[in-house]
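One chain, subunit A, appears in both complexes that follow, with subunit B as partner in the first and subunit C in the second.
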Partner chain A sequence: MNRRELLAAGAFAAFAAGMGAPVRANDKIKVGFIYVGPINDGGWTQHHHHSAMEMVEHFGGAVDFVYQENVPEGPDAERAITQMCLGGANIIFTTSFGYMDPTINVAAKFPNVKFEHATGYKQSDNVSVYSARFYEGRAIQGTLAGRVTKTNKIGYIASVPIPEVVRGINSAFIHARKVNPNVEFKIIWIFEWLNPAKEADAAKALIDQGCDVVLQHTDSTAPHAAAKEAGNVYTFGQAADMAEYGPMPRISSIIDNWAPYYIARVQAAMDGSWSSVNTWDGIGKGMVGIGEISDVVPADAKAEAEAMRDAIAAGEYHPFTGPINKQDGSVWLAEGEIADDGALAGLNFYVEGIEGSIPS
Partner chain B sequence: MIMDINPILLASAIMVASTPILLAAIGELVVERAGVLNLGVEGMMITGAVVGFIAAHETESTTLGFFGAAVGGAVVSMIFGLLTQYLLTNQVATGLALTLFGVGLSALVGQGYQATNQVPVTKMPIPLLSDIPVVGPILFRHDGVVYLSLVIVAAVFVFLSRSRAGMILRAVGENHDAAHALGYNVRRVRLMAIAFGGACAGLGGAYISLARVPQWVDNITAGTGWIALAIVVFASWKPWRLLIGAYLFGGVTALQINIQAMGLDIPVEYLSMSPYIATILVLVFLSGGRAPGSLGRIFHASS
Partner chain C sequence: MIQLEKRKEPSTFWIYATPLLAVLLTMVLGGLLFATLGKDPLMAIKTIFWDPILGEFAFYYRPEVFKKAAPLILIAIGLSYGFKAGIWNIGAEGQYIIGAICGASVALAFYPLEARWMIFPLMILAGVAGGVIWAMIPALLRVYFKTNEILVSLMLVYVAEVLIKAFSIGLLRNPDGHGFPGSRNLNQYSSSANLELFAGTGVHWGVVTALFAVVATYVILAKHQFGFFVRLTGESSRAAGFAGVNANRLIITCFVISGGLAGVAGLFEVAGPAGQILGSFPAYYGFTAIIVAFLGRLHPVGILFAGLLMALTYVGGNAAEAAMNIPSATIQIFQGMLLFSLLSVDVLTNYRVRFVAARGA
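Now for the complex of A and B:
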């Protein structure tokens, strides 16, 4: 390279650098998603991805969409999120509880990037948190489970011992007992969100022990397959409708619908009105959907569950309304008292009647 | 509450839970007895799981699915075989690479097969024997692969200890230079052992995706291959100890889930680690064997 070329190259580089800033300012907004599972797990991650795709469609060509799937919770997540920041993402959604600390750490290093963390509780200037009131859906599942069970034994495949999961167990149990005082819950913790082999083993063990309803807080359809093989066992779709297993064994489901939230937040980031918020919406706002209750459920039980769904949506009924005692028999909520969001967010005990202990 | 556990159903569940580990481990045992350390068991298992699932889904025959899984596992193992036996690469590194490769490849190949339903594997109760009370439901009402896994273990035991070919394989594993000097084709023996190990691992993987779960999800084997590898070492390379190890591991795994479901007040963390501790303890007390002499060493005819 002779001197003339060198000067020309230098001038071009300077020109390009000068042009860079304004070009970038008019650039499309880059939206990133971090997923804990594969985008077609049939449950949690798949629904985040579908909602993200709806958001992308809504904005047409105005957003650049990037995602990374199968990101392990923990330190590796920090690397994945950092990489996305360095790749120029403007707003990043981290969609699993275990990304909480990694998100906070990376956010401190990239103050100009906006973060949205799902199901966590740590906020900062550029980190919002959002979650859905899944326990509202669990109340409906509990009601149905209490009505359809013949053995009065209900199995529950629990994932990771965090308040969200404990809320779900309590809510389902309270409402199952309400319609059927003889029900008993059998809970298995598998310490993972998605592990089809463990989920299948857990479902089979529960069925072998006489459970004829299996609820799950794990993401795969493996428990449904086990229930189908067993015959007279009812299940509920988790995160996704899982309608392919209906009308038996799947009799209803909780469907996560994040799309309206994603659209609103990306819109806010585009017009500069984004600020750190704490969102916790339920059936009323449409973040929690209740999948079609199949016809194998007796008509009166179906009507009862639908009435409860509508009452919760209208704000007339709260699933955690007293009197409710803690597992040790002490009073948690007095007659008519409603649990406040702070107590629910940190819920770490079983209600009276559930046996066993929560892993710590 | 103890009444909730039905011992017959539990024993039967144990056999199902142990089968994938048993299959993968018995294959790896033969490979290691031939003096080759293949750490790619997990990769071969997951390849078998996805190939088996796809084959069964497309042909609607689980038998063909298992057949495809065995072939798939063997084909992937041949990558390892060619690299380590002909190009003389390091076995540890190549095996690890095979696992990473298998996990990635299976996720790629399996795109589009997630969340599709699978025809469940049919049970094959053995006539007469399955009608024996207690023993019948535990032992003789399984699908064909459970029986096959036990037949393979027995066959490997007889092969290694009673047959001429088995002696040659062990000679190759103990001292490949001596075996070579005696005129045995070390490379060919090892390649056949590696292919057998791959086929068994493939079958084990397919048992997870076709019988135990049954569906395809990325990373469905979730570390089973590593447990199989560990059991081979703890069983001191002996088939019958391996059978004990695999059934013990599967047994405690199934038992701890059942104990959790009963709601006994034992901290769940202890229950979750119990299969690992129990297996290590028992196999340590049983131990006393030693590794094949040439295990993991590179063989070249000129040296």
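Now for the complex of A and C:
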């Protein structure tokens, strides 16, 4: 650290000392949230906000809640986070991958403030990371998709080529093939998380190509609307239950539920037991919810999917259990072998049977 | 019936007073907007305009305003030459993005070599070159094929946006980034980092360059023959032709200047505050700079103040969002009001309102 940085750090430290002192029992704790989208986006941000509100309700008057929405991933994020620290926040949740470096930078300047970064991989003494095992939900979607399809063509609207999305595609594909060996996947990348127009176009294109199931890793309900218009196409809610499109085309959903985690972490910050952790929870801990499977799904397929959900929740079944080959035919997981979290976290290849390549 | 009648000679006083009036008008209209949302309007205006400069945390916000203003001023200054001469480069955003990509590529090519004395200047050159090359496409098409430079430069923004997304997941992706999009962080590589030159001031190389551009442009427009040609062409292109101005050369020169400055602004941003080549890098500075240029009356000193003001509405606006839970869309509306106020006040500077009795049937 040179003199310049030292000076800057000193100025912040002087402030942080007054601000981030341990919370006493009679003090309110100030909890901040940084969102990448608007709080009513119907998907990712809305569910973080919803979960945050649940947390606030849980603690009643003991929590002072602040948030900022639509914060672009970049230099503005660093300012938004710093601003919250200056405003006296004790714990800040930064809810998008792109906030990783800004969170780490700000955390270094405010050692007494606690940070929780969603979906990243950089931790420090006062930065925890948390994410959900959405691929567990994809296994159930894959199973249902494989059972209900008549054309044996399943469409997939993929968002941004990162490991989480690739995991989802692989998990859905593996389980669709398991119940229906003739299934093929058509994947369209739109390079965005939320863009109703592009999502609708992608859905229409997939339906035109004969897909009668459309899976989505994007946040809007536009694909459902397109599917409804086309008729006889099945879809799944993403992030939200999207029950308003049930029982057809929406036949189930993956629901983000961060509330239990937020309550636990704010509680830890309150009673002084907070420490930096790396959390990756799934259906078992309730972080990933599976929306009601609607009655248009044949009863046996529904029972099969529910059994899988319960087996995953109980820890009896892991969606990435060998034998699984990579796309090029080489062995990834041997018979009975289970993928370790490290490999899953950086997953950047398709499994055998998926056509096309991951954009790069 | 209301008629607008063109004034023969708009008053010099009002030409310079209208931007200030527009700002005041925006504050009043913005205040009304905040009030309808149930937020204390005075508090909101204070949070946006006063607190970042003189409030409790000004020591943090002031440098942020400078950092935010630097790219706006750099790009707006570059655009002002062409705009004065009636040459419309609307695609500065694209030149800004390509400048960032080219500059960052140089740094990443040398990573992890420690040679700031060589790498940083090369990055600046590459940033300028990137912006100029991207600007040359609409300029040359205009000169040789008489295409419309507004459309071509604007369309190239979308091409640039797609390119930066492709680079962030392809060629420039950080190999140690766990498969996530985005390049290495140039801010954390000592040969490429565009850090503050004086601690706690926010003054990085981009800010210095912006100030230099303001002074240089002031001198060029006032004293240099090129500045004269620019002004002359803007006032009457026919007269400029008679005076020996080569119109094609002027178009190319204006695009070189605006492209180069936009490119270098992109480079300073990606090596400094932004840090990474990422799909979310484009921040619409290239478009906001158009507002800055007109708010500053295409005058370098005016642009300097307009850029600082615009940066203030960003920084203060974000502060108000967080402090008062104002929706972010409201802040964008507020910024939009600024341009609308200016345009509407401008109408009154150039036109006289006449109330004419409706003709009887």
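Here is the rule we go by: the second predicted complex is superposed on the first by the 333 of 360 C-alpha atoms of A that agree within 3 Å, B and C clash if a C-alpha of one lies under 4 Å from a C-alpha of the other, contacts with A are read in each partner's own complex, and residues count from 1 in each chain.
We take it that a contact is a pair of C-beta atoms (placed from the backbone, for glycine too) under 8 Å apart; a residue touches a chain by one contact, two chains touch by 3 or more.
From a predicted model like this one, the values you see are computed outputs, not experimental measurements.
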**Prompt:** Mind checking subunit B and subunit C on superposed subunit A, clash or fit?
**Reply:** clash
**Asked** Given the touch rule stated above, what does A:Ile140 touch, subunit B (first), subunit C (second), both, or neither?
**Response** neither
**Message:** I'd like to know which partner A:Pro359 touches here: subunit B for first, subunit C for second, both or neither.
**Reply:** both
**Message:** I'd like to know which partner A:Ala176 touches here: subunit B for first, subunit C for second, both or neither.
**Reply:** neither
**Message:** Just checking: does A:Val213 make contact with subunit B only, subunit C only, both, or neither of them? Give me first, second, both or neither.
**Reply:** neither
**Message:** If we overlay the two complexes on their shared chain A, which of subunit B and subunit C does A:Phe191 touch? Say first, second, both or neither.
**Reply:** both
**Asked** Touch check for A:Pro38: first (subunit B), second (subunit C), both, or neither?
**Response** both
**Message:** Touch test for A:Glu73: subunit B only (first), subunit C only (second), both, or neither?
**Reply:** second
**Request:** Name the contact category of A:Val233: first (subunit B only), second (subunit C only), both, or neither.
**Result:** neither
**Asked** Which of the two partners, first being subunit B and second being subunit C, lies in contact with A:Tyr121: first, second, both, or neither?
**Response** second
**Fill in**
So the subunit A residues that subunit B and subunit C both touch are 38, 70, 191, 359-360
**Asked** In the complex of these two chains, what residues of subunit B are touching subunit A?
**Response** 4-6, 9-10, 13, 17, 107, 111, 114-115, 117-118, 120, 208, 212-215, 217-222, 224, 253-254, 257-258, 260-265, 267-269, 272
**Asked** Quick one: in the complex, what on subunit C touches subunit A?
**Response** 57, 59-60, 64, 67, 165, 169-170, 173, 178-182, 185, 196, 198-200, 269, 273-276, 278-281, 283, 314-315, 318-319, 321-323, 325, 327-329
**Message:** Quick check: in the complex, which residue numbers of subunit A touch subunit C?
**Reply:** 3-5, 7-8, 11, 32, 38, 66-76, 78-80, 82-84, 86-87, 97-98, 101, 121, 160-163, 166, 191, 345-348, 359-360
**Message:** Considering only the defined contacts, which subunit A positions touch subunit B in the complex?
**Reply:** 37-38, 40-42, 46, 70, 153, 155, 186-189, 191, 194-198, 200-202, 204-206, 208-211, 220-222, 225, 229, 244, 355-357, 359-360
